[in-house]
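Here come two complexes built around chain A, the first alongside chain B, the second alongside chain C.
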Partner chain A sequence: MISNAALTDLIIKMADDELIQGHRNSEWTGLGPVMEEDIAFSSMAQDKIGHAWALYRILHENLGGEDPDRFAFMRPESAFKCSHLVEMPNGGYDFSLMRHFLFDHAETVRYESLQESSYEPFQQLSKKLKGELKYHTLHANAFILQLSNASEEGYARMQTALNDTIALAAGIFEPSAAHEETLITEKVYPGEKALYNRWLDRIYPVLVKASLNLPDMKTVAPVYGGRQGFHTTHLAPLLKEMGEVFNLDTEASW
Partner chain B sequence: MTSATITREDIYHALEQVMDPEIPVLSVIDLGMITGVEITEGEPVLIRMIPTFAACPAVSYIKDNIRTVVEKALGVAVTVEIDKQVHWESNRMTAAAKEKLKNFGIAPPPVVEGDVRPEIMLNTPCPHCGSEHTYLRSPFGSTLCRAIHYCKSCGQVFEQFKPLE
Partner chain C sequence: MSNDSLDPRVNRLKLGDANAVIKVEEGENWNVYEVFHQEKRGAHHEHVGCVHAPDPQLALVFAKEQFARRKKCVNLWVVRSADILAFDVEDEDMFANNLEKNYRDASGFKVMEKINKFKQSK
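And then the complex of A and B:
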């Protein structure tokens, strides 16, 4: 019997990352640098929010969690477990693109590993999501390569974006002090450390093709805290805006 | 009619009338969205379905449509359930469905063998002129299940129903 508390903790982290990243992606709607990119970020927003919803539903249906909408829109900031990476404002297209690249490869190795999970709902969901994620990484890889190889300015901006984002992205893999051992022993997932190494193996070849230099990861201090409910100042305004319509009337049916 | 006299064929026949709201030439049968039908005496007919993409916004709409169309056609109570044991892949789409899709102006997904690789998106035949002199403009299109391509032969942008493993 897998510990419900450990499963719940893992699912909330994954789902909150999807929800908040999905919301950030949606902020590109109408503002993308070219129409295809506007559509791409909007489509990925829809996918991410759908993935968050599927995870909240597992909580609701299998682990005694709240209704997915109420859980997404009515929790206080401190109850969120998203990483700081996804909380950051979109900034320029360079930062958004680099975050998308680093985040979606992290998602990919996570969902691939969950196909082997001892927790059955993860097996079902990960099969579905990993196929969809292929289009996210296909998109990210293509644009990282194109922009890095386009011009000196493009290359310089992508390298700067990588330097500015890598510590935040490494923070995705913040292990839980209370639950990590249990989840690994119970074979729910291989653990954050293993996923982090697989992630590096995935992003490295693409960065090499783009001639981008991955900083020496020994010198990079991952940005932790989000998984414990400590957040950047950017999360509170995002949550307020995201839940604005829902919270006008929390009992309304849509 | 009661559930005692209807057959699975009747149900499948009625389901051919339930169209996808985003691609109105394809039924839920064409798309391979139906995973099972159960007829039990004295109980509503149970129809199991799966969405194409996890975040498909049309799922509850389609679910309601299945219930109302089949109830109206056959006069029996129907329950529609999302089947969590099966996930949708583009290989579930019938050959006839792919032909209809092409005639509608959307390139059908190629048959997927094993994992989807990026190369599968290259040289997608243009649904307008048949040329393979095309390139992928974006893996994302007007709906989650579509990608955007450009045909260098006839100079038209076209959409493709994406292959999904």
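And then the complex of A and C:
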């Protein structure tokens, strides 16, 4: 029997990352650099929110969690377990694209590992999302290569974006002091350390092709805290805006 | 004169004096790609529209969300519009008499009689 507390903790972290990243990326809708990209980026943002919803449903249906909408929109900031990476404001498109690239590869290695999870709902979900994630990383890789190889300005901006996001992205893999060992022993997933290494193996070849320099990861201190409910000042305004309509009437039926 | 276009591709042209020569640097402006959609394996790829993209790879990436987001799709082609060879509009007269040549229509063949005869003989 897998520990419910450990599973719940892992699912909330994953789902909150998807929800907040999805919401942030959706802020680009209507403002994207060209129409085609606006549509593609918005569509992927919707996918992320769909991933969050699927995870909240697993919580709700299998682990005694709350209704997904109420859980997403009515929790206080301190109950959120998203990483600081996804909370950051969009900034320029360079920053948003680099975050998308780093986040989606992290997401991909995580869901790939869940295909062999001892927890059945994870197996099903990861198989379902496989194709979507393949497109997300294809999109991200194509853009990173295109912009880095386009001009000096493009290259410089992508390198700056990488330097600005790498420590935040490494923070995705913040292990849980209480549950990490249990989840690994129970074969729910291989653990944050293993996923972090797989993630580096994925992003490195793309960065090399783009001639971007990955900082020496030994010198990069991952930005932790989000998984324990400590957040940047950017999360509270985001949550207020995201839940604004829902919280007008939390009993309304849609 | 500065121009305040929201489109970076326009701004890159550095439009100034109306008489000045506009120089377009290689790679500055995007190509149009025609998109062909395949609904199931073995079916024809059908033309569905076009996308703007800086290279074929991104054209495919864009085409996927523009044209394969809702309806069933198993594959897409993209082809640079400039690489398509077409007749000129004024050459339309080459096709003008097609409708008169109804002896070329397959409908002229009376096969049902033969098929029925064959069925009866069995």
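What we mean here is this: the second predicted complex is superposed on the first by the 254 of 254 C-alpha atoms of A that agree within 3 Å, B and C clash if a C-alpha of one lies under 4 Å from a C-alpha of the other, contacts with A are read in each partner's own complex, and residues count from 1 in each chain.
One rule holds for everything that comes next: a contact is a pair of C-beta atoms (placed from the backbone, for glycine too) under 8 Å apart; a residue touches a chain by one contact, two chains touch by 3 or more.
Keep in mind that what you see is a predicted model, and the values were worked out from it rather than measured.
With both complexes brought onto chain A, simultaneous placement of chain B and chain C is prevented by a clash.
Residue contacts after overlaying the shared chain place A:F143 against chain C, while chain B stays out of touching range. Touched residues of chain A, counted separately for chain B and chain C, are more numerous for B.
In the superposition on chain A, A:Q124 makes contact with chain B only, while chain C stays out of contact range. Once chain A of one complex is fitted onto chain A of the other, the partner contacts of A:E132 are limited to chain B, with no touch recorded for chain C. In the superposed model, A:D47 makes contact with chain B only, not with chain C. Contacts of A:I39 after superposition: both chain B and chain C are touched. Common to the chain B-facing and chain C-facing surfaces of chain A are residues 36-37, 39-40, 43-44, 135, 138-139. Across the complex, chain C meets chain A through its residues 8, 27, 30, 51-55, 57-58, 61-62, 64-66, 69.
Chain A contributes residues 33-37, 39-40, 43-44, 135, 138-139, 142-143, 145-146, 150 to its touches with chain C in the complex.
Contact residues of chain B toward chain A in the complex are 53-57, 84-85, 87-89, 116, 118, 121, 137-142, 144, 147-148, 162, 164-165.
Those residues of chain A that touch chain B in the complex are listed here as 36-37, 39-40, 42-44, 46-51, 53-54, 121, 124-125, 127-129, 131-132, 134-135, 138-139, 141.
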